[in-house]
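What follows is chain A paired twice: with chain B in the first complex and chain C in the second.
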Partner chain A sequence: MNLSETGVIAEDELLRGPKIKYLLSISGIFVFLCLLLIHYSTSLLSLFPFENGVNIPHYLISYLLVLVLAPFVVMVASYDFISNEMETGSIRYVISKIDRTSFILGKFLALFIVFTFVVSVIAVMGSIYAYFSGNALHIGETVLFWILSSLYLGCFVSIFLFISTLSENNKTSFLMSIVFIIILLFLFLQGYDNYLKYLTPYFYGIENIGIFRGSSHNVEFIKLLKNIFTMILYTTLFLSMSLSAIKRRDL
Partner chain B sequence: MIPDIISTKGLSKRYGSQFVLNDVSLNVKNEDIYGFLGQNGAGKTTTIKLLSGLLIPTNGEIIIDGMDMNNESRKIKKIIGLVPQDSSFYDNRDALSHMIYYGRLKGLTKKDASEQSNALLNKIGLKQAKDKTVGHFSHGMKKRLGIAQALLNNPRVLILDEPTNGLDPVGIRQIRELLRELNNDGITIFISSHNLLEIQEICNRVGIIDRGDMILEDSIDQIRHLESNGVITVGVYNLTPEIINLVGSLEFVVKTELKSKDILDVFVNYEEDAKPEINKLIVESGGRVFKLIENSLSLEDAFFNATKIRD
Partner chain C sequence: MKTTKVLATGIIFGLALSGIFSILDFDTIYGGFIGAILVGIITGRLVDDGPIRHAFISISTYNLIAFAMLALFDPNAKIVWGCGNRAVVGVFVGFTIIMIVFYSIIGSFSAFVAYNMRSDK
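== the complex of A and B ==
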């Protein structure tokens, strides 16, 4: 791995990448949706069993949206990140100049930065909204929302990047991504007693939901750290599999 | 002795159970213009992809400038420039931004990448089109951009996969002249093509690959002679059957063919001294030689001879 090469790939993807406008558009829609839900969170309160009725849990609403909808946004954004370069052949110009590892890491970094930025916008806007609607600022909650959402989305970025690396073309990558996300959902829905749920990022995302229920004193820090660590491990595992796959691939 | 800048030993590539490249060993000397010849599907592109690190060999080793591709591929990639067969650029971006991006990947700073990119686009004749999106480029312009990006950061070796494919005669000539110019600047050029005339025009050494096997590698002149079973046309006053038989009995003569009453075609295996030997024999036998021409074969003939033997 070469940091400078990784940086050039990520920077180029962020500033001039063919998908960046599209990526920002769907991210923009997602942010707007989150803000809309934050705005109507008071009306939506009755839908959730909150532990206190004093603070409106703005972040819970956004976090739920991140948990449920964002994996699909990530999928749409990243399924063709590598496979498109394979399909068009543009990858040959790049790989003939740099290490394959740098290429994958650069692509991952670009996507991760985009989604971390999206989550940051939601977090900041949520804080501002909460402040102006007369609620106290919860910096800790904001930071946790940012970290947990970013890591959760990082898991999905690494999953879809791996699928994209394996695929010969965009169509295959899209189909494989859909099948994979259905499998993840299926495994997660197997029930609480089933060990298969541990194989899905959904499980670790939902495990953290209590933090945003407006009762931060109930946060189990060991569990929180365990979940953060697992999500990092999850991302690292899929990223390693992508690196291993690209190293063996004929381009 | 000129050192090899590219050498492969026992290079093989297999897809499933089928070998597309089988035990290929080639040697490209420093500052060569090396032509890599073969029919469609012979294994030219596979070899080029292996040399540039796009494919993983099944067996064998690739040494470029003394470095092993298995262990030092990153360093190797910094000294080679690849022009792939298909010009697959990002259609929504302009030529200059492509060049700067590739330059930075080659390790140049933004400023250096920008300066070199402008200079190379100028050199390659794309100065006017540098801000135009590549999606609007013609095939020839894309080919030229392909060469320009390969020249970033002054590579020591330029590897081109059929660079003139689909170009008009003017474009072909421009690229040929450019390659000569680059070679004069000290860049080793490895060019694959099935255009034999083009290879004959610019290359000094040639390798011929056929169905995954390297069947010949030498200087162009040597290959033309080696594969020629060359024909020497001899004009002799008072040409007698005895003289014809004597010439036919020479060790290096394959056969003789009487073209007219005083013109004889002598088919020879390549031999440095063939002409003087034949001349001496005829004169000693009482013949008077008025014409002695060696018709060396074209590279095209040599190529077909070499590949025909394997059929």
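== the complex of A and C ==
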């Protein structure tokens, strides 16, 4: 692995890649949805055990939207990130010049930077909105939202990159990405009372909701660290599998 | 390997796994999940072309046979058939179909991964 090559691939995808406009438009729609939901959140008040007259914090609403909708946004944005290059054959020109590990890591880094940026935009705009609505700024919780959401999205980026690496064309990649999301939902719903739930990133994401519902003084740090560690492990596992898959492929 | 041999291997291996899990009194969801993944991996390793299709057919067939045997020979199945209520039978059949489809999807995905991770493809 060469770090400068990884940086070149990531920079190329972010600044000169043909997909960056598409990525930014999808992300823009997602940010707009988050802000819309924060604005109209009063109708959701009955779902949560908050006292009367207290608004739902913006980071909790954004986090719920990240949990539910962001995996689909990541899927739409990243399912053809590698399979498209395989389908058109353009991967051969890149792979002949740089290491395959750097190629995959560069692609991952580009997507991860985009989604981390999206999450930071949501966090900042949510805070600004909350401040001008007369609410207090919750800097600690907002930073926690940014870290946890980025890690959660990192898991899905690595999953869809892995599927894209395995697929020979965009159609297969899209189909398999949908299949994998269905499998994850099935495991999460069916396995909620047994160990199957630990196989899905949804579980680690949903476990963190409790942190946002209480005050920052009541955060269970062991649980938080365990969830963060597991999400990093999940991402690393799928990235390693992507590297293993691309090294075995005859391109 | 030939298509018929791959399908037969998948079905026999799946039925054997179902039998073992049943004897060991394994949880149905765990057993079905692990069985689907294993049959998918075997199908993906053996098949020459179309791993998803082959895995889907193998897994749905062995699950259909396993659930039919369960419905016919398991003493507890008499509760479903004996109560004479269409709704109970409908729920059982519906549950069976949903589980078969989900296990087939899981197995197809594992066959897809196993096929594409092969070094001798």
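Just so we're on the same page, the second predicted complex is superposed on the first by the 242 of 251 C-alpha atoms of A that agree within 3 Å, B and C clash if a C-alpha of one lies under 4 Å from a C-alpha of the other, contacts with A are read in each partner's own complex, and residues count from 1 in each chain.
The definition used in the following text is that contacts are C-beta pairs under 8 Å (C-beta built on N, C-alpha and C of every residue); 3 or more make two chains touch, one makes a residue touch a chain.
This structure is a prediction, so every number in the text was calculated from the model and none was measured.
Superpose on chain A as described above, then tell me if chain B and chain C fit or clash.
Because the two structures are overlaid on the shared chain, the partners are seen to fit without clashing.
Between chain B and chain C, whom does A:F132 touch in the aligned arrangement: first, second, both, or neither?
Neither partner.
Once the structures are superposed on A, label A:L166 by its partner contacts, choosing first (chain B), second (chain C), both or neither.
The answer is second: A:L166 touches chain C but not chain B.
After the superposition on A, what does A:T88 contact: first (chain B), second (chain C), both or neither?
In the superposition, A:T88 contacts chain B only.
Please determine whether it is chain B or chain C that touches the greater number of chain A residues.
Result: the larger residue contact count on chain A belongs to B.
For A:F221, using the defined touch cut-off, is the partner it touches chain B, chain C, both, or neither? Pick first, second, both or neither.
Neither: A:F221 stays clear of chain B and chain C.
How many degrees apart are chain B and chain C as seen from chain A, counting from C-alpha centres and rounding to the nearest 10?
80
For A:F180, select first, second, both or neither according to whether it touches chain B, chain C, the two together, or no partner.
Only chain C is touched by A:F180; chain B is not.
Quick check for you: in the superposed arrangement, does A:R16 touch first (chain B), second (chain C), both or neither?
Only chain B is touched by A:R16; chain C is not.
On the A-aligned overlay, A:L196 touches which partner chain: chain B = first, chain C = second, or both, or neither?
So A:L196 only meets chain C here.
So, does A:L251 touch the first partner chain B, the second partner chain C, both, or neither?
In the superposition, A:L251 touches chain B alone.
Quick one: smallest Cα-Cα gap between chain B and chain C in the superposed arrangement, Å?
5
Show which residues of chain A both chain B and chain C reach, each in its own complex.
248-250
Using the touch definition up top, name the residues of chain A that touch chain B in the complex.
Of all residues in chain A, those touching chain B are 2, 4-5, 8-9, 12, 16, 18, 88-90, 92-99, 247-251.
Write out the stretch or stretches of chain A touching chain C in their complex.
166-167, 176, 179-180, 182-183, 186-187, 190-191, 194, 196, 241, 244-245, 248-250
Would you pull the chain B residues touching chain A in the complex into a rising list?
Residues of chain B touching chain A: 49, 52-56, 73-74, 77-78, 80, 82, 84, 86, 88-90, 92-93, 97, 101-102, 104-107, 149.
Residues of chain C touching chain A in their complex?
For chain C paired with chain A, touching residues are 27, 29-30, 33, 102, 105-106, 108-109, 112-113, 116-119, 121.
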